[in-house]
């Protein structure tokens, strides 16, 4: 799964050189959803008021871990994402810390009005897990893929939006949103993707992390595209291009300082996300930078179309979501620098 | 194991993310609000006393609406008897002096547009000064056009206004009380009958009965009216009682203007174990104001000054 | 007055906004697909003939799934008798040679994940070559993991896959036929029983009966299973029949594996005037494959090669 | 209603000078919803397959006009925005041209999943009217105001999104989306707002119109903010600043050529919308320009907060949605030009 050509190259590079310029090592692959599942268990162990609502796909979005461990704090809701979100709001207004998880397609779209009014306008301490994000879901096809929810959730006032880059960060991010007070949405994927951060890799909710230093161009990525960005940076280095790679795992609130520094110091930005180019991470960064430091940008993402069935790696290649497109975008944006 | 504490009760902080002030009641009318002594909630209050409070609630609704120059008359007036029974007939366990008391029963107004009756009820119970009713719908008022929890008005448990959502919140609260905190609080939620057209109502109903939430009581304000006309013409919701039964509720049909019948219904709901209860309260929109009674055109407009005067005269 | 015409029937254009090609069936297996002669739809087909076609539909489902290496076995296998009856028992008016004929009856698969049974049914009727079944879920296939209208597969009336949506689309089509175009086409839609937890099902039901859409027939695949377990444990949907009745439907409960009973039910639905009909078809998930039968764990996984062989042997 | 101080100034200016530099004259006030209602009737008269679905607020969103004229093609749906959207999809897939209208809060949020799958992924010829948009709804407060749906609808592939600037354009836009094939969303308001375009003012779906020439800064606005932009431009002219005013009534697809020319020729952009700054019109323009011509931008809109009750004009002033903020933004962005 997702053993794209670029990743293979990377593995080769790593084994040849013994080390990479970014300091991350590929530790195999594991889907971010497992990090979410484990994070829930950690929270459950720490706090007795963390509760989880199941949406009839508990073994897909790994709420099953919590269910097995804390059956008395797990509540099956069946297939009613709108009302599950409302029930979560009611629990939050009663002092509980409820997590509700489903596929992002349904955890952000079936319940958008509920997120807007009952969660965000209420400022209810509800945590939403949106799984199977992006197109890497694969064969299930367009209805089960979701490429729109970064836009949908980040436009909501009071919402915090996190897109962890790998399994390890997903676990940290899940614990962090559980401990943060206020509405949160966390996005995670179904398919096994590269694991490369460690327990020691810094993660702070609301902070973007520079994963590789460089001043020629800054690649701002989220989710599994962070690894693709690191791979791209290694390739770019061969052409003498020194790319900064920033893991923008918190998309809302955006870490303006880190983004601004990148724009000032690199003068050109590439964004990469498994989402529509429209209104996503790239949009968030563009909106901020034109106000502070307008620099040339290029976007790697899905270009305003629905996904489709296929193997995850085939789809990532078909829709242009690999290091290859990041490399091309980086070269293009550097050429545009004034 | 620890509970991760967070602030769940609203403060008087004004609008989100801003330092906007909360509107202070300025208007002082000749309503005797300054000297008003709140009514108490007691099962010892006679039906007549509760009915008298309902009348007072209605008067305050009219006064607030005429001042606001916009807002909903029909539903609030028509459901005042239900609110009076709940808050003053000894049905709900609530304390205006300690509004966020952990053991309180909670009320969620799923039909958010009907908030004038809730505001008026709360003011009559002493949750806040009656003068504040006259800030209804005005800039920075705690009495938003639809309930806004961000304004921190005591007694407002949740923002509502998008129909079909409040009931699900009430279900979450009932689930929290019964199955997580395992306390004996009860949760009440009132929906409109047009509101029953929203599918989330039936999701919430299914969920409540699946989890056997016998601490939940739903009241349907069955006034046969919604914005565009009579409910059976806009979108038939009958047979209402069969629907709730089929979704696992104990159902009680009752005259929503009969305090005694309402009290019995609430008692029956409390006594019903193993399933939630739905009280289908037959009411007349705008009741008992002569020119509003049972007329859907009064769903969403306020009386003008002359109409208000007539209404207030009818409500003495 | 003119009608503003637009292209409402899908073409084989591949994915939206792109020139992506449609996958061509490459796999040729020893299934005799090249020489296959489609079955015809006729009320003269005996129950046994229809049952035999159902078996063939099931075999093709297993073959497609084992090739796809992902996808849903349980629902599709369990509902094959319903599909065989609809498409080959003379129930639906449809023509594989003229798939978008204006007078056709339409079928909307509300439970989109069950598409392998629909694809297999359509191929057996001659809507497209059986070989194409072996492209299921592959890149650029017209047989998407959930029905995608953008792929232009003949017989696919609408994209579905997000539960609870297809029925509303069917209601819109029935409304269009009966009240706008005023033709006599009928619309059929199949939902899962877990799918009944989505509130839009009840909105759609209310709407269909409000508009007296007696040209609409809903079939509930009542297999008591969904992803996380038995339906009564995940979220109770019983009493199913009472719910549809309370929402204004004529209801028929039937053994969903009994072709004759299904035929009678569809006839009764056609004869029912003034209200839509809901046929609650009791089925077993995965039926009749021994190791799948009535086991919710087969909701969403394909058989591996060995399992497929066993299944195919059982299905001769 | 909405007789903001700036508008009053404008009225004075117009009467004093006899003419304005942009050539538009204030013709009184009328809400855009009435244009929607009249447009529906025009469509109904022209085409027998136009049908309208009512959402229990027909006299608020003016579908009542169509209902009165063509009762046999009007269908009351009650209060079920999700299913109304599905029924519309079914009608569209049957060769009808269905319009469903409600408040934008419910016509874009209660049915987001339906818009995504049954309308857009289906490419169904459904037209959604989202009324009571922005905060100018007034006393109903935050739940009935909507400041997020430009983001929510423009991220959906296949969607066309129109935000007419006044009553007259709303009517034209309604007819245009009826005649356009594909999913469309039209946004309109409740409160009476300035009428200033005429039958002769050009309107083409997909084209942005330059309403005032100028090369110092370009103000790109939509909805009632277009008038505020014109008022602002008149004021700026007094300070010797020549502002271009562009009516971006079609937000998706964006008229890239007109936007690009503005960025190139003016070197600075201000956007103005009755919407969250996040991911709205400003976001759409920023996303495009950073790829082509990164110039300084400033955004006038709501800054990531919910609305509230009040008079429309009070709210517009409180939330910073008047010509005053546009003028300040224009001066700020001009100062930022390199």
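Going in written order, the chains are labelled A, B, C and D, and every chain counts its residues from 1.
Just so we're on the same page, contacts are C-beta pairs under 8 Å (C-beta built on N, C-alpha and C of every residue); 3 or more make two chains touch, one makes a residue touch a chain.
These figures come from a predicted structure and were not determined experimentally.
Peer 1: Using the touch definition from the top, list the chains contacting both chain C and chain D.
Peer 2: A, B
Peer 1: Report the chain whose mean Cα position is at the greatest distance from that of chain D.
Peer 2: When every chain centre is compared against chain D, the largest gap points to C.
Peer 1: Once you count every C-beta pair in contact for both, which comes out on top, A-C or A-B?
Peer 2: A-B
Peer 1: In whole angstrom, how far does the Cα centroid of chain B sit from the Cα centroid of chain D?
Peer 2: Computed value for the inter-centroid distance: 35 Å.
Peer 1: Can you check how far apart chain A and chain B are, centre to centre, with Cα atoms defining each centre and the answer in Å?
Peer 2: From the centre of chain A to the centre of chain B is 41 Å.
Peer 1: Calculate how many whole Å lie between the centre of chain B and the centre of chain C, each centre taken as the average of the chain's C-alpha atoms.
Peer 2: Result: the chain centres lie 44 Å from each other.
Peer 1: Residues of chain A that contact two or more other chains, please.
Peer 2: 77-78, 80, 82-83, 105-106, 110, 113, 116-117, 121, 142-143, 157, 304-306
Peer 1: Two or more other chains in contact with one residue: find those residues in chain B.
Peer 2: Where chain B meets two or more other chains at a single residue, that happens at 16-17, 148, 150, 159-162, 197-200, 203, 206-207, 210, 235.
Peer 1: Taking touching chains as linked, do they make an open path (line), a single closed cycle (ring), a hub with spokes (star), an all-linked set (complete), or other?
Peer 2: complete
Peer 1: Taking the touch rule as given, give the residues of chain C at its contact with chain D in the complex, in rising order.
Peer 2: These residues of chain C touch chain D: 1-8, 16-17, 108, 148-150, 157-162, 165, 167-177, 179-181, 199-200, 203-204, 206-207, 210-211.
Peer 1: Residue numbers of chain B touching chain D in their complex, please.
Peer 2: 15-18, 20, 68, 70-71, 112, 137-141, 144-146, 148, 150, 159-164, 194-195, 197-199, 226-228, 233-235
Peer 1: Chain B touches which residues of chain D in the complex?
Peer 2: Residue positions touching the partner: 54, 56-60, 76-80, 82-83, 105-106, 110, 138-144, 304-306, 308-311, 314-315, 318.
Peer 1: Residues of chain D touching chain C in their complex?
Peer 2: 45-51, 73, 75, 77-78, 80, 82-83, 85-98, 113-114, 116-118, 121-123, 125, 157-158, 178-179, 181
Peer 1: Over in the complex, which chain D residues touch chain A? Could you list them?
Peer 2: Residues 105-106, 108-110, 112-113, 116-117, 120-121, 142-143, 148, 151-152, 154-157, 269, 276-280, 282-284, 286-287, 289-291, 294-299, 304-306.
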